[in-house]
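Note that the chains are named A, B, C, D and E in the order they appear, and that numbering of residues resets to 1 at the start of each chain.
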């Protein structure tokens, strides 16, 4: 775990590998595979699907990102980061061999134990797949403990699909996998349309199923509505929220949604919880 | 604990007797009072109502370094304050001291904040009871008062030529003894009690907080917020001057190859506070921000930490340039019908 | 996959010993390699040489450099060179930054250690900027295949003919009624003694008759807008009060003019006379008459004699038309050649030479008219004629004075006019030719006979008995008050013999120099040109771009750029024509890439930038900001020249010039501002 | 003032006149003090007066802005705007106690290499007289 | 004298119009010597309006404070007018906002309020002390009459007037659609004696003065936000890219902030004094603005906020501008 005496001090991590998930340019997604400079950190480190970390560069700053690797992937952490602002741009400049900083794990996680025995339905859009990836990989690594795993994912174009090769892997091992793009493309044989439409098209059964979703706010909103229409109850639906954060440990104050601190009480929330907070869906 | 006194004109000697302490007391620049480290205790005044800037800056400075680093190097040098340094906060008002006890709850929540805690632990607070409350004080509505002892190690009463000192904690007692204070007599105790009673009578404003924390969330969409937010300037006065406001920003700063990560006061009233990089802002207008400030103090914070994040010092009312009066807002919130919210 | 991460290559140039002898180049290289983002730092003797450039290209290709810093000479010298290098290596040329460690470091600082420290800082600042450089796109615009030539002296004529002969449209605008310029006033040309008119007239005729040339004499450019490839000019064709389609050039009108022979002729330098309706000179092109509206009685007084204007009466073609008005013509052209020429120095500004006082003190140009066969005296150097042009005497003792108004700080002209030495030599020869017995003295400071055949000509003139006295006359005055005695005293110190002389002459010719035209300001404002210190138009580069101006698509020809003789003028005119033709023939041109742009989400629509922009390149337009219609600034990139004045006027930093954005300058300040 | 104090001057020169004038000073091997560091901008009109404030904050002891002579601006009017802006900024800085000798402006044309040296000498001399500008530097005090 | 019944009647008429979104004026505050700005949206609220010497705030500031929210798809943006009550000094802000195209003239309805001066809260507090009740103030000749906690007190007008009112040259609005009272006589003149006095200090003395002042600054940006001329969507001072000023507070950054603020107001400040009024730590901000106002007037014969047709000072030039400092 983090330096108990000072939660503001980050770990230095070495970038072992870094690659672009989507074409280079504005709003590109780059994945970093990192390892602690001080390998001893692993002795105390433990994270769960859904946990976040502050990732940064000294001299630039840090931002909150979900850890996009599952704890079952051992010996490294992964972060998939979309380039948008000052910090993410500076991070995108980094390559294998460089260092960056990681402070975490932070926040809560998906209640994976609670979900044992259930079917898991993952619904993601764009970079929103990053927090779902550890859930998927966790379930894949613990197949015996869970029911069916199905993955729904979409992005604007096929170019913008993150983790492309992994979806192929999922399919090869028999995971139900539905991909979508927003706009018609030559050679695209799968679904064309928005993810909420894909959801209604696939129409998964709510029976004994937990749905986890992440993506842009508008996607979460319509996916949730879609799930409810399919008969999912609020406590069957989980999502992760994103707010501007600075400290990540419930002090700096800016990530509060009502009385909840997204950095500590979240980022994972069940729809049942969020429904009670007017600000969450304002 | 003990009862002590000292003659006001002996202040320099009394404080000077404390060898190992850094002494912080209100100091004036023009008409503006702020806590500063004092070199010469004879300059310390008892003749003030309250400081413009609350002494929260002693525990949580406007800008403070979290750690330092150097470009190209990967070692990080934390800048946690030296806990062994003893500090005497002299003349802090009861409301401001009480604020520490509220903010503390957050700073010790789950991940203890070493910067705040080290400063807090190494400080001894000598409070100064109020004899002339500021017109917009309403501390009594929040469990405080002119002679409230919450958070203090000792409480002083300015009785004219003498100062009566009532120690509250061991630490306070130790300091009082180190100062070489003489024991107080009943006369001083009585005078102090009378002064406190008199001061209580001078507090004109109040609010019954009963039910407010529960009600505010139901007024989320209520138009009454606009009566206040429409004239809000979106400035940081109310929050920067609030002894319980504790939000901060973190920034990296570079001087050639040397860098530091620092935190500095931030306020939920600035639009950029919650602005996402995408351009989306969950609190885009002054309405959401005003609502959040009040709700955070009077609903969200108590929900989480069982205490309202307000001590009734009145600063936000006194200094608001556009007369946004938190008591007015709270009163109006009590009158507002929750059912109006959705229809409006 | 490629990376966005800045990978900077720093190349420090020794420039032979120009940099390396003062700045410790290896130390600068070592420092550079320690800077953030620098992947490669190298030194080389001559970065601008082929091997130097290849070094950069190789590194870009093999090491994936994406920013290049060349620390060498001024970017004004080699920025284009290295931009090209980057481009050839497949990198956007705007990823280049230069550190000027020669002109602004090694050449100006003596202390080697200090110069080295400064060079390091300059490189560091370049790195700081390079980290935030952006790729810029060079946009192409079509070039209208035509040229506007301003001025129809020999420079304008030559440039126009060359372009027209290449098959492209040319508009020639001449302010006076005839083409020809100063060259048409000259008698003979040095050193070959060709008859000036004889060699010029055919070209004048060609310009008038060329199918690709639209000649507009007695016309002026009123306004110019647009940008390279796409200029729009408004031309005012002044009213001649003569219908040129009817005028046959017979001259009857001028003979009948009530003011015939009473108006000093500008062409004849006021030595001869003309009418109010006139042809400037017999060979004028077009051979069409013009009425001088300021002198014409009908036009200036509203009445000409009792019977009305005699000229109109006399004109059998009915060409005179007092109702004629100025006409405005709009033309579009892709290029512009400015060939506006010069003025001769006003001899009145050297009162010690008494030009204003005595009729037998004349300027060189007056001399040309005086000895010209087509001039008012029929080629005889007659002085002291009466008002009717009769009488007069031939001088016997002639003096020529060099450098009148040139190389003379007292009148503000430090430069050499380059033609006076030779024209005075030629004129001395002409006097010798016409008056074999005359005593001829030339007072000179230096004789600059640098051109082809000049020295030989100068020798010849001396051999012909022309005396050269080295000395700058201090005064010219009349020997006595007797109106019949024309003797002038020239006071001079012969600097070779250190003797003070007071020489007697009966004719003094002042070798007046060349000056920028009196109306140069108008042309500057019109075409956005700049001036050199001498007041002539400034070329884009004194050596490498002598006919270009800082404004793309506008070129200079002839003496408007600086004094020059006829062959140089013609050569430069051909150069300007060729430059214009490059644009016209290629049909495309890249426009400025370093233009301003607006981050409209930060723009508050106050319009400060609109008011500031000297090129009218910014306007406020409606923008839909999430359903709200707001005004924001918008830059017309074709008009923007990237000066950045808008950025300094903008309060929120919403408008920024590319390559010179706040966020690119502030890091430079951060590096260079630190006192070390 | 200590004698060792060598002021650091930041100069913003317009590309067409003053930068070219500085180049000419170089071509003419006109020696001047190395205290001056030049930032090239296209026009003096580009120089945001707040650059000066930033320069002083970074530690510059003096600032020079130089452009084309009035009427000679390559962009016609940029130097006129600059003249106005710096006239005012100079007054403002003077009012907060920045010695006016730290804020300099000059007209140096492409042909005035010699004048450029004079301007530098004067600017450095004025900054020397004003002393080190330490009070406004970004400090590292409580770091 | 302004008759509040007329004021309210006019306001009611305006608020009743379909093409009016809101009206900005003054209403009684909850305590003390200052009124509160009032933003009214309904004719029924018109009776809240007041005008007396407590009405110190500049309502023009609130015109530009209103955020433009995204318009939901299928809806039209609300383009109704904003009505505003302005004193003479406040009206200069409207003029300057119009010069700077913050809105168009027909986008606002300006109700002019001729004014004989407002009371400086700080001066009144010194004279009469604090109170938690709202104070009523009337002007009677050369006195102000106060009703404080039910008691009537008097004070000399000259000693209680806000500084800006002492030298006021524009007591009558310069732009308006309607005046709610008759124009008043001008009493003030501006000699800039305060600036002259300040300028007697040497540069080091000035720096010391400001160092002390700016070290107090907590960077609450109240002075910026209240300023009717500060309405950039993103202020350079708080911009992150590029970052001109750091968020950390120290003398260097605070000084830079105040210089930046004063610079951006050069030739734009209309002297309403709001920046200094709102400062919670009493920084004499107008001392900077006054200097610029004086110099702008002397050097360029320019006065912002008086002529709607004027060109912005720093977006124009005069070939004859002074340049004696230029080498």
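Please note the rule applied: contacts are C-beta pairs under 8 Å (C-beta built on N, C-alpha and C of every residue); 3 or more make two chains touch, one makes a residue touch a chain.
It should be emphasised that the depicted structure is a prediction, and the values quoted were computed from it without experimental measurement.
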- prompt: Measuring centre to centre with C-alpha atoms, which chain is farthest from chain C?
  reply: B
- prompt: What chain is the most remote from chain D, judged by the mean position of CA atoms in each chain?
  reply: A
Task: State the pair with the higher C-beta contact count; candidates are A-B and C-D.
output: C-D
- prompt: Going by CA means, which chain is nearest the middle of everything shown?
  reply: D
Message: From the mean C-alpha coordinate of chain C to that of chain E, what's the distance rounded to whole Å?
response: 54
- prompt: Between chain B and chain E, what is the gap in Å from one C-alpha centre to the other?
  reply: 31
Query: How many angstrom lie between the CA centroids of chain B and chain D, rounded to a whole number?
result: 46
Message: I need the residues of chain D touching at least two other chains; which ones are they?
response: 49, 54, 57, 71, 77, 81, 85, 138, 142
- line: Where chain E touches two or more other chains at once, the residues are 69, 236, 241, 244, 246, 250, 314-315
Task: Specify, in ascending order, the residues of chain C that touch 2 or more different other chains.
output: 601, 612, 649, 662, 666, 674
Task: Would you mind writing out the residues of chain C in touch with chain A in their complex?
output: 1-6
Task: Can you check the complex and tell me which residues of chain E touch chain D?
output: 198-199, 201, 203-211, 236, 244, 246, 250-253, 255-256, 258-260, 262-263, 266-267, 288, 291-292, 295-296, 299-300, 313-315, 317, 319, 321-323, 325-327
Field: Parts of chain A lying in touch with chain C, wherever the complex brings them together
entry: 19-20, 24, 92-95
Field: Residues of chain E touching chain C in the complex
entry: 68-73, 75, 77, 100-102, 231-236, 239, 241-242, 244, 264, 311-312, 314-316
Message: For the complex, give me every residue of chain A touching chain B.
response: 2, 5-10, 12, 37, 58-62, 84-85, 88, 99, 217, 242-244, 246-247, 249-254, 256-259, 264, 278-279, 282
